[in-house]
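In order of appearance the chains are A, B, C and D, and numbering begins at 1 in each one.
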Amino acid sequence: MIHASIVGGSGYTGGELLRILLSHPDVDVVQVTSRSHLGEYVYQVHPNLRKRTKLTFSDPEALQPVDVLFLALPHGQSQEKIDGYATLATHIIDLSADFRLRDPAQYHKWYGKPHASAQWLPRFVYGLPELHRMEISTARYVSGVGCNATAANLALLPAVKAGLVDLSFPVVVEIKVGSSEGGAEGNPGSHHPERSGVIRTFSAFGHRHTAEVMQELCIDHLTLTMTSVDLVRGVLATAHANVKAGVTVKDLWKAYRSAANENPFLRVVKEHRGIYRVPEPKILAGSNYADLGFEVDEDGRHLVAMCAIDNLMKGASGSAVQCMNLMFGLDEMMGLDFSGLHPI
Amino acid sequence: MIHASIVGGSGYTGGELLRILLSHPDVDVVQVTSRSHLGEYVYQVHPNLRKRTKLTFSDPEALQPVDVLFLALPHGQSQEKIDGYATLATHIIDLSADFRLRDPAQYHKWYGKPHASAQWLPRFVYGLPELHRMEISTARYVSGVGCNATAANLALLPAVKAGLVDLSFPVVVEIKVGSSEGGAEGNPGSHHPERSGVIRTFSAFGHRHTAEVMQELCIDHLTLTMTSVDLVRGVLATAHANVKAGVTVKDLWKAYRSAANENPFLRVVKEHRGIYRVPEPKILAGSNYADLGFEVDEDGRHLVAMCAIDNLMKGASGSAVQCMNLMFGLDEMMGLDFSGLHPI
Amino acid sequence: MIHASIVGGSGYTGGELLRILLSHPDVDVVQVTSRSHLGEYVYQVHPNLRKRTKLTFSDPEALQPVDVLFLALPHGQSQEKIDGYATLATHIIDLSADFRLRDPAQYHKWYGKPHASAQWLPRFVYGLPELHRMEISTARYVSGVGCNATAANLALLPAVKAGLVDLSFPVVVEIKVGSSEGGAEGNPGSHHPERSGVIRTFSAFGHRHTAEVMQELCIDHLTLTMTSVDLVRGVLATAHANVKAGVTVKDLWKAYRSAANENPFLRVVKEHRGIYRVPEPKILAGSNYADLGFEVDEDGRHLVAMCAIDNLMKGASGSAVQCMNLMFGLDEMMGLDFSGLHPI
Amino acid sequence: MIHASIVGGSGYTGGELLRILLSHPDVDVVQVTSRSHLGEYVYQVHPNLRKRTKLTFSDPEALQPVDVLFLALPHGQSQEKIDGYATLATHIIDLSADFRLRDPAQYHKWYGKPHASAQWLPRFVYGLPELHRMEISTARYVSGVGCNATAANLALLPAVKAGLVDLSFPVVVEIKVGSSEGGAEGNPGSHHPERSGVIRTFSAFGHRHTAEVMQELCIDHLTLTMTSVDLVRGVLATAHANVKAGVTVKDLWKAYRSAANENPFLRVVKEHRGIYRVPEPKILAGSNYADLGFEVDEDGRHLVAMCAIDNLMKGASGSAVQCMNLMFGLDEMMGLDFSGLHPI
C-alpha cells in the first residue's frame, strides 16, 4: 500500500487527484491539506466525494511523512518549499508549473521571475509518460504537465517522433478550452452570465504552456493560440504543421497507430462515418485517454493534427497518477480505468 | 424629448435600461452613474453598446436635474436617498425592491429590517402595467418589479382576475431561472464550472418575491420555489393552483385570450403542433413579451399556468421603460419593439 | 462469472449498460444486439468504449443462451417476445416500461393499449432496490424503472415510508430533466439550436411515469409536471407534499438519514454552507447515487423533498445492474463505484 | 415602400430575414413561401414572430411580382429557377451559395457539379458591402455571403486591403461556429445530447466557404479549419497570416480603425481591461456588427486577426438586408439597428 498525501486539496486538480486516489486499489490517502477549508469534510468542497470518504482538510503545516506527496499548489509555491517537502516523502509529484522547464533561463523568461530553486530543476522529470516513461519509472521527482501543453504535445508527438514534420516551418496550435482550466477561484470573466456561450480568443500569443511544447518536442517556431469555449472540462488542440516532402498519409497512419499501440491511454480517432469521427473532449470527461487524429490537405504538405483530452485528467491529475503508478512499479492504468461517458 | 438618467448603470438592469433608452426615439440619456467604473466608457462594461454611445459613467454625486430618474441600485440604497432624488426629477422609477411593497410591516418581515422611508411607500405605484396601467399613467413614482414575481403574477393574473381560481387552496409556483438574475457581481456559486449545467433548487420557501405576488394577486397561501438552470436570461414560472368547481377550459381560454388582447406584451402560447407549444423564455431574450400558457388536468380542477419572460426585460428594465412610456403619455410599446430571436 | 447479453445496445440505456458491464469484475458480456448497426464495432456508436472492447453489434435473431439478458428495447417490444427471451436466460432485466406496472388495467390506461403479455406482469418485480431489495434478490424477472419515477419515488420514499406524509392532500412533483431522457433518436425539438437553453414545461399532466409513482408509493392524488432544461444527463425532482400534523424537522431528518444508512446509493444533501447545499444532478453524471434533500416551510406542513439522479444510471442502467448484483448474490455496489465528477 | 418576398421562409436565414424586414420601416413583406409549412402561420415556425404578423406561408408556385425577391433556398435550387425569378422582381438577393463565385470552374470544383446557369454568374455582385459597396448600390442581382467566409474576409480585409499582409505565405483561418450554421434541419450530429458541449473540428480542409475568401481577398494559399462549439448563433474567425517586413502595430491599428470608420457595422475590439477585450460572437446575437481585433507576435511578423459575427445576421440575412438598403438607396443601417444584448 502506497501512502500518499495531497498538498493543496481544495482546488480542481487537488480534488481530481483525491477522487482518483480514493478509488485506487493500492493507495491509501493519508492527508489532504487546505488552509481555507481547514477542518471541513473534503466532500463539502468536492460534493462528488460525499459518502466516499470521511477525510477532512488538514493543516499544510502538519504534514506527516508518506511515500508520495502530490503538490497541487498555485504556481510559485512548491519551489519555495521543495526542500521541506523532500524531507517528508521519498517521491514527489508536483502538479504546478514550477518544475516543468529544465532551463532556469526559460523559466525566468516565461514566468517573469528567476526560479527560487533552480538546483532542483534537473532532478525533476517532465511528467508525461508518453514522452518519458522510462525516466519516470526510476524517478523520485516528477513534474506535472500543462494541460494545453499536453494536448499540443500529444497531437504532434507521433508525427514529430517519426520524423515526418518539417520543423523549419512554423507550427501553429489552436487550442480550445473549457472553463475548469481557470481553476476553482472565480474572476469577473468566469461569472456564468459572462462566461456562458463564449468563443473568446483570450491569448493569441505567449501562453506559458508554449514553453513546455518547445522544450519537449524541440520546436523553435511555435505558437499556441488559446480560445475559451462553453464547456467545463476539455481541451482540443488543432495543430497546423508542415510535413516533409514525400511523406504519405500511410506514413502518418503508421506513426499515429504505433503511438496508440505503445501507449495505453492514446487512441486514434479517424472515422468515415458516425457522429464521432474526430477527437472530441466531451466524451473524455473523467477519463485519462488522449484521443488523436490527423488530416492532410490535397497537396500532402499541410498537416492538421488533433488531440482531445480532459484537462483535469490527462492534462493534470490523471497523468500525475499515471506517473505515480510508473514510479512505484504498478500497472500504468491502475486507478485510471474510467472510460468516460456517452452521451454527456 | 424626455431627459432621463440612470443611477447605477454598471449592473445588468442598468445596462439593459441604457440599451433600451439609447434606441428609444423620444428619450435623451443624460447621465449614467457608476462609482466603480467612474469615467470609463459605458461600452467598456456593456460591450454591446460599442459604437452606439460615447457616454461615460458619471459620478452619482453629480447628478443633473432630468425629467425621469431610473434608480438601478442594489436593494436598500434608494430608500436612504429618495428625498434627494426627488429634488432632481419630477418622475422616478426605482428598479430595486425598496418601494414594491405597500405595507411597511411586510417590508420589515421579508427584508429583515424596518423601511428607512416608509412614508414614501404609499406614493409609489407597483410598476407592472398589466396590473396598474391607469395608476401608472398618472403616477410620478413607480417601483420596479421582481422578475420572479412578474413571471408568477402574469402566469396567474388572467385566471385570478377572472375569478376562476379558488384561492382557499394553496398555490405553488415553481420558478426556473437563468444566471443573470443574480446580477453582475460574481460569487462562488456563479463561477462557470460550478454554475454550468446546474439544476439547483436554491430556495424551496421564503424567496422575497413571494411578498409581491401575495400583495398583487391577494393570495394568502403561496409558495415560490426557485430552481437555477443553465441559461443566462430567462424565467419560467409554472404555477399550480385550483380552479373553482364548474370552471371550464373555455373559461380559461377566454380569460387568457382577453389578457393578451388587452395587453400588448402578453401572448398566449398553447399549440398542438410544432416545437414551441408552450411558453419558453429562450426566444424572449431582449424582448418585452410575456408568454402565457395553461393546462388543466382530467378532473378539471388542477390548473398549471405558465409564464415565460426575459428577467432583464419584462422582469425589470423592459417593464420600467413601459411604465415610463405610460407616465409620459407615449405609446406603451415605444423603444420595446425588439421581437426576440429564433433560433437562439 | 455471469454471462450477460444486451438486447438493443445502440441506444443510450443500452450503451450505458454496456459501459458498466464491461468494467464489472464478475460479468462477461457475450452479445450486444442492434439491427441498425449490425456488424459495426460498438465503439463506433459509443465512442467512450473505443479501446475498451472489440465487440461488434450482433443480430438480435441470433442470441445465445446466457445467465442474464438485459432488454433495452423501445417500449412495447419486450412484451411481444418475452416468452422467447425467457428460453434464453434464467434471469431477465427489462429496462423498458413493459413490465413496470402490476395492474394490466393501469398499463392499458397509461400506455393506451392492452398489454400483450399480461400473464407475465405478476412475475416481474419493480426494479428499484430501495423499494424491493428482498424480492429482487430472489427474483428471476425484474423490470427497469422510469427515470422520472425514480427521482419522484426516492424524493418521497423516506417520508412516506416513515408515515410522515398526509397522502389525503395532493402531491405535486416538479421534475426538471436533461436531453438524454429523450433517447438516442433525434426529433425536431431535440435539434441543438432548438433544444439548447430551453426551459420547456413539455408535460403539465399525464406523464406515464406518474403511474409508477402512484403504484410504488400508493399515492392517489399525484401530478408529475415535466420541464426540459439545458443539460444532457440529469433529473431533479422537487416534490411538494403535506406532512401530517405534529411532524417535526427532526422526524424528517431521521427518516432521510435512515434511508441513506440503509441504502448504499442514497445520500442526504442538506448543507448550510458551500456551493452544493442541495441535491444536484450535474455532479452525478455516471454515478449511481441518488441525492436526497428536504425543506419544510415555517408552518411545518408543506414539505419540499428533492432527489437528483443521473437518468441513465440510477434512473435506468445503474439500477438495472444494481438489481443484477442482488439477483446473483453479489455486492450491490459492484461495477457501480464511479463517484461522479467535480467540476463538470 | 419596397415590396419584398422571401422564397424559402421556414429555414433559419429565411426566418431571420423575415424578422428584420417586418421591423424595417420602408419594407412591406408580401409573401413568405414554404412548401412544408404551406398555410401555417409563420409564427408557428418562428415563435418570436407571434403577435408580430398574421402572415402565413405561401406556395412558392404562386409568387406575385415584387420589388425585391430574397431567395433563401437550399444550395442548388436558385440556379435552376433564376430565369423565372427574374421575371418576378427587378431586384434579387440570393442567400444560397449559387451565385457567390464568379468563375464557373471554381463553382464546379468546390460544389462538385457544373453550374446550371453559369451565364448568370457575372450579373451577380458578391453581397458583402464592406467589399463591394459601390457595385451593390447599382446592382440588380446580389448574392448572399457564406457566414464563415464573411468572418474570415472581415478579419483579414483591413490588413490585406492596406497591403500589410505577405500573401506569399500560407494563411490559416481557424473558425469556431455555433449550431445554427447547420440550418433548421436536424441530423444525428445535431441531436442535443451529441451536440451539446462539443469541440469538434469537423472540417480540417476543404470547407466550401474557402473559395469565397480566396476569390474576394485574392489569397492563393488559404486553409479554413472549422470547429463546432457549444453556442447557437455565432462565428469567430481567428486568422493566422504573415505581415510584410517593416509593418508596425501602428500600421495595423490604422488599417483596422479606418475600416471601422468607413463601415458602419465594423468595430475594433482591442482593450486592455474589462471582460470583453477581444471580439466575441455571443454579444452579437441579433446584431449586424462584425467585431474585429488583431494581435502581432514579438517578432512583429505573425498576425492573428479576429472577427466575430452572428452567422445569421452579418453572416447571412443581415448582410442581405444591408445590400437591399444600398440597392434601393436607403440608409445602409435601416432595419439593422439592434445592438445585441449583454449579458446573454
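Note that in this section a residue touches a chain if its C-beta (ideal position, glycine included) is under 8 Å from a C-beta of that chain, and two chains touch if they have at least 3 such contacts.
Since this is a predicted model, take the numbers as computed values, not measurements.
A.B. asks: Touching subunit B and subunit C alike: which chains?
C.D. replies: A, D
A.B. asks: Taking all residue numbers used at the subunit A/subunit B interface, answer same if over half belong to both copies and different if under half do.
C.D. replies: same
A.B. asks: Counting C-beta pairs in contact, which comes out ahead: C-D or A-D?
C.D. replies: By the number of C-beta pairs in contact, the winner is A-D.
A.B. asks: Taking each chain's centre as the mean of its CA atoms, which one is farthest from the centre of subunit B?
C.D. replies: The chain lying farthest from subunit B is A.
A.B. asks: Roughly how far is subunit A from subunit C, centre to centre by C-alpha average, rounded to an integer in Å?
C.D. replies: 35
A.B. asks: Any idea how many Å lie between the Cα centroids of subunit C and subunit D?
C.D. replies: A distance of 45 Å separates the two centres.
A.B. asks: Could you state the distance in Å from the CA-based centre of subunit A to that of subunit D?
C.D. replies: Chain centres of subunit A and subunit D, defined by C-alpha means, are spaced 38 Å apart.
A.B. asks: Scan subunit C for residues touching two or more other chains and write them down.
C.D. replies: 12, 180, 184, 188, 193, 196-197, 230, 232, 275, 280, 343-344
A.B. asks: Under the definition above, what is the set of subunit D residues touching subunit A in their complex?
C.D. replies: These residues of subunit D touch subunit A: 170, 172, 174, 176, 188-189, 193-194, 196-202, 204-206, 223, 225, 227, 229-231, 234, 236, 238, 240, 275, 277-282, 293, 295, 297-298, 302, 304, 306, 308, 343-344.
A.B. asks: What does subunit C use to touch subunit A in their complex?
C.D. replies: 12, 15-16, 19, 22-23, 44-52, 180, 184, 232-233, 260, 267, 269, 271, 273-276, 280, 283-287, 289, 291, 337-344
A.B. asks: Within the complex, which stretch of subunit A touches subunit B?
C.D. replies: On the subunit A side, the touching residues are 12, 178-180, 182, 184-188, 190-193, 195-197, 230, 232.
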